[in-house]
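The structure's right below; bear with me while I get my questions together.
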Amino acid sequence: MSANQFGSRFVITSFGESHGAALGVVVDGCPAGVNFDQALLTTQMERRRPGQHGSGQIVSGRNEGDQVEVLSGVFEGKTLGTPIAMIVRNQDARSGDYSQIKNSARTGHADDVWKNKFGHSDHRGGGRSSGRETVSRVMAGSVAQMYMQHASPKTRVIGYAAQIGPLTLSDAEKAQVAKTNIDACQARFPAKNQNEVSELLKKAQENGESYGGIAEILIENPPAHLGQPVFHKLKSDLAMAFLSVGAANGFELGAGFEATETPGTAFHTPESQVYGGIRGGVSTGENILLRVSFKPTSSILDVAKKGRHDPCIVTRAIPVLEAMTWLVLADHLLWSKTDKY
Amino acid sequence: MSANQFGSRFVITSFGESHGAALGVVVDGCPAGVNFDQALLTTQMERRRPGQHGSGQIVSGRNEGDQVEVLSGVFEGKTLGTPIAMIVRNQDARSGDYSQIKNSARTGHADDVWKNKFGHSDHRGGGRSSGRETVSRVMAGSVAQMYMQHASPKTRVIGYAAQIGPLTLSDAEKAQVAKTNIDACQARFPAKNQNEVSELLKKAQENGESYGGIAEILIENPPAHLGQPVFHKLKSDLAMAFLSVGAANGFELGAGFEATETPGTAFHTPESQVYGGIRGGVSTGENILLRVSFKPTSSILDVAKKGRHDPCIVTRAIPVLEAMTWLVLADHLLWSKTDKY
Amino acid sequence: MSANQFGSRFVITSFGESHGAALGVVVDGCPAGVNFDQALLTTQMERRRPGQHGSGQIVSGRNEGDQVEVLSGVFEGKTLGTPIAMIVRNQDARSGDYSQIKNSARTGHADDVWKNKFGHSDHRGGGRSSGRETVSRVMAGSVAQMYMQHASPKTRVIGYAAQIGPLTLSDAEKAQVAKTNIDACQARFPAKNQNEVSELLKKAQENGESYGGIAEILIENPPAHLGQPVFHKLKSDLAMAFLSVGAANGFELGAGFEATETPGTAFHTPESQVYGGIRGGVSTGENILLRVSFKPTSSILDVAKKGRHDPCIVTRAIPVLEAMTWLVLADHLLWSKTDKY
Amino acid sequence: MSANQFGSRFVITSFGESHGAALGVVVDGCPAGVNFDQALLTTQMERRRPGQHGSGQIVSGRNEGDQVEVLSGVFEGKTLGTPIAMIVRNQDARSGDYSQIKNSARTGHADDVWKNKFGHSDHRGGGRSSGRETVSRVMAGSVAQMYMQHASPKTRVIGYAAQIGPLTLSDAEKAQVAKTNIDACQARFPAKNQNEVSELLKKAQENGESYGGIAEILIENPPAHLGQPVFHKLKSDLAMAFLSVGAANGFELGAGFEATETPGTAFHTPESQVYGGIRGGVSTGENILLRVSFKPTSSILDVAKKGRHDPCIVTRAIPVLEAMTWLVLADHLLWSKTDKY
């Protein structure tokens, strides 16, 4: 297993530095004959772009365009069963912005850590540790989603912000997410009061403040039987997938940490949803609920980003978490094809 | 990557059903020349046994003896660089206890899920989904620890219960863990008031109640530079490792979910320990703090275990989480040997 | 990928030193529900034993008994989809024979090479570099064969000696192999004149001589579509499998090196069998013919084996090559399940 | 392990169809700090081009230019320890040439096999089964060579044609290869009589004839201790590497098939070079000699190539085999870093 690779059957290899020539990904293991849905890919890439959609006018940042070029693996609109390579050029690099920090580590960033580890690093904008790396994930995740739309058409992956700094969704608001257009909500936070969150983030940007938050991923109608004993339980692969996202520092399945507050006799009832759709590491076919916490964005401390920083990373992380979810689902669906004779 | 395998460089393959002939593990990738510390292995296996040490008189369960037999890979007291295979016989199988439930799924257990997935399963005591599978992890983790004691002698892995049902350690109590003999504490819960936890668990066992809880793993003096971009960040591999443990349903690095409650300007200070010793996915050399939540034990619902169930899984999980931590550390330390020319 | 592991889907991990406690293998990835054919396993292990069957009275050597113990992964006569661990105890170790050579490398053996590489090695009888390691391969290959008998019942793997030192099969003799009981032939060499080969080997043993030779593996009715672009072509995985056997030093598919002597216009005819059943790296469904060359046994130089050495390794290698063939077939058949949507 | 991936430590992922947008490769696992030798890369790509150097005026074919674009992993002239992605655009595609054969399989080609396997394939020029795929290998092999030049500066990999159809090098000619400029020889065949081979190939091209042949790879001064037991012996990984090249159908280490013709007492002498520099699967530090046979080019049968076909594939295969050799060496050198404590 190499460092920049994810998956056992639907395998992706990610590459690219933030300010290098391009970012890209190679998808190896996608079956042949899947319709390559270019519109889906474009939509997902658009959703990932900083300063778009849910994050509205509030979240700015680099505006890259991010045209995906498919280099291989697709012919006459269908996958070939051969590796699908996709790249996005870095157009809006502004290396100049970063030259001043060549020799000064940015607090909260990983520049110094990587420099020590490898002895040589691309100091421009975080290089490979930049959030821009998620471009590769969203491209690959879109292909996984294309495959899943064939193989399990009822499955949906719905990501939304459940908490942004001091603001938290109510249970009633959460109950509506499957029927809500999340991208139409301010900061992908589907609270009834949309002003509250937009005010919070606007002020944060003005004041150089940032917030942590929580993203929730709801998998509606997942295939049953996904997940492998012992180390590739569905929950362990999802945890790995989500924690591999920058600034993610917590993961919960179902009731998560709150489960510790309920006695077992109350917790384990036949009706309860507390297992989160996964038992013994394997999906039951019930909806799966996952939560990921993010620490406050450290870019507030970044001289180069003054005035255009992103006050809460959760909104931008949602399409990335969705992509990782599709990747895990596709990987395990393929894996399950050989479970029994 | 196969399903029962963990690690990229220090690779383990686990096998065995709860009521089959034996459980075992093969460690492939441990360098040659490491002193094979039989005493360490025995101690760790003893610490894993239900009804021992921290879990005191309170936690009962199967009492297996669990003599490890080393089948290969060790010669004249040192590792050979060849695969180290270790097995433990299942002596205390009592298959009879389980025959009644052959056709009735146990609520909260995975029996039915696995049965559906594979079309054929060993119904006796959970088969491979049993907690007994952790025998393999502790054997392998002990070898990882032997290697780490050579390669990074100052590194310590300290696991303890930070919460058991309604009881939680105070910050003052947590500050003492490195100096405390955790195994001497009731239920590995190092609270000043040891009666409280023993009373809670005794009553729970009498009443057929169970509790969830939180285990914390403190890595003292970890090597720096562990963790690989992008998908094998140290935090993602640790999350995967911990979530692969049965009943684990949440993971936190450093401040975790609480980080969401602090504004960035307060969170990101040079002095803070909130990053948990990992930045950009790579260890900084600072102490690493990890938390894992467990849902309440479902064995209370298990007819076969009435009167001898384990009211909180956290205590027993601690040696397993420590073993997984050593495995991740050894894997990444070996990996880091090829970071730079 | 770890060093002692083979396969991508049907994955085996081999362990054990020649004079350690046991040799063994873990098979991970065999689907659930395959009948575990104990008789087949016993037969194949018997066929692997030095001094048995084809090698008749001529080839002596260690007589191990080699009772296989299945430790996991099989329940009520069927595979569980969980790892299948199997071991064989080393009963006939005679370490004493080897103590004299602790500090003297045996010419043609790898003792010194391994000692230098790992800095520490088990000098007894070659340790892990011993031919006894093939016990693990035959156990695993038998399970692969069980799976293939379900999944592709018409497929047969037929191994035989095509050359033993100066003796070579004629084309007419080769044409009969599928109808011949190879194991009933002297040295598994199905020549019409059986005396010739038995005389040759008898004299060689008396005179301390040894011979190289060629084994051929004929795969009758292989499934079509096995093999993956680009690096896991069926031919490349077979070459790797066969060259991993000790003393093997050459590999041919179909016409092999002889193909170099025919002009293309004569070589490429629609009727010809010269492609060996594999085109573009993928099986066509036609019979596949493979050849493996072995250098003369170096054990003639081994003081400890005087008078009971094996004058030609080919006979003994045949069940091992067959096992490797079944492993590659099972691996690629599982792999092909996800070729297309 | 995914299908288009090679290596365990120095891992490459290849992608691209012959007539798609681009071919490329991602190298993951190259240590940081290696000088990226652009001139070496350019030279090796030039050497791979059909119609160049050794193949002289004789061997024509597509003339692609093949400018490599490095997309990631290199900064300020040094590797970053992050994935190195490189692509080459397909400029000279001429899809039109191939439209006529969309529905007619070309004899000896794999078009029909792949079509059946995947249900959908790129019929243009072989798609991914085209020899053009070797562009990816040569790019990756060049990076492996750059690493090896740091890590083992005395190691040389020398490839040459030892046989082209009816013509074979004499032992005297072979003894000179290390001192010969192979690329200056007609068809990379370093015979004294250079006219003979150029005449042979010229006539073959005129007459629509093709020949098989044998390439030899001499590794001078390889590092010792490369190769891992049991399945990743150096010889098995080399066999896999070479057999993964199109039209390769045989492999020999050292004496190879000829070893079968020498009795053991004559074969195993302390002075002999017959082991080929590898014992017990591990390199001894002595020179390693490898041979690969190729069947006659099937492109003679290809309507689209009439008059510009390549009469012997060996010449073109040599830079590819060299690239694969560097990849195996780099992979195993990195692997050996963790052999002992």
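Details
Order of writing sets the chain letters: A, B, C and D. Residues in each chain are counted from 1.
Basically, contacts are C-beta pairs under 8 Å (C-beta built on N, C-alpha and C of every residue); 3 or more make two chains touch, one makes a residue touch a chain.
In this text the structure is predicted, and so the values were computed from the model without any measurement.
Counting only chains that touch, the fewest steps needed to get from chain A to chain D is 1. The greatest centre-to-centre gap from chain A, using C-alpha centroids, is found for C. For this pair, chain B with chain C, the centres built from the Cα atoms lie 39 Å apart. For the pair chain B and chain D, the distance between C-alpha centroids works out to 47 Å.
Chain B has its Cα centroid 27 Å from the Cα centroid of chain A. Shared interface positions of chain A, i.e. residues touching 2 or more other chains, are given as 1, 3-5, 14, 29, 32-33, 81-82, 117-120, 128, 229, 339-340. Interface of chain C with chain D (complex): residues 1, 3-6, 8, 14, 107-111, 113-114, 116-120, 128-129, 133, 163, 165-166, 208-214, 224-225, 228-233, 235-244, 246, 248-257, 259-265, 267-268, 270, 274-276, 279-282, 284, 293-298, 300-301, 311, 335-336, 339-340. Of all the residues in chain B, the ones that touch chain C in their complex are 2-5, 11, 13-17, 20-24, 26, 28-29, 32-33, 69-73, 75-76, 78-85, 87, 117-122, 127-128.
Here chain A touches chain C in the complex through residues 1, 9, 29, 31-34, 81-82, 147, 150-151, 229, 334, 337-341, going by the rule given at the top.
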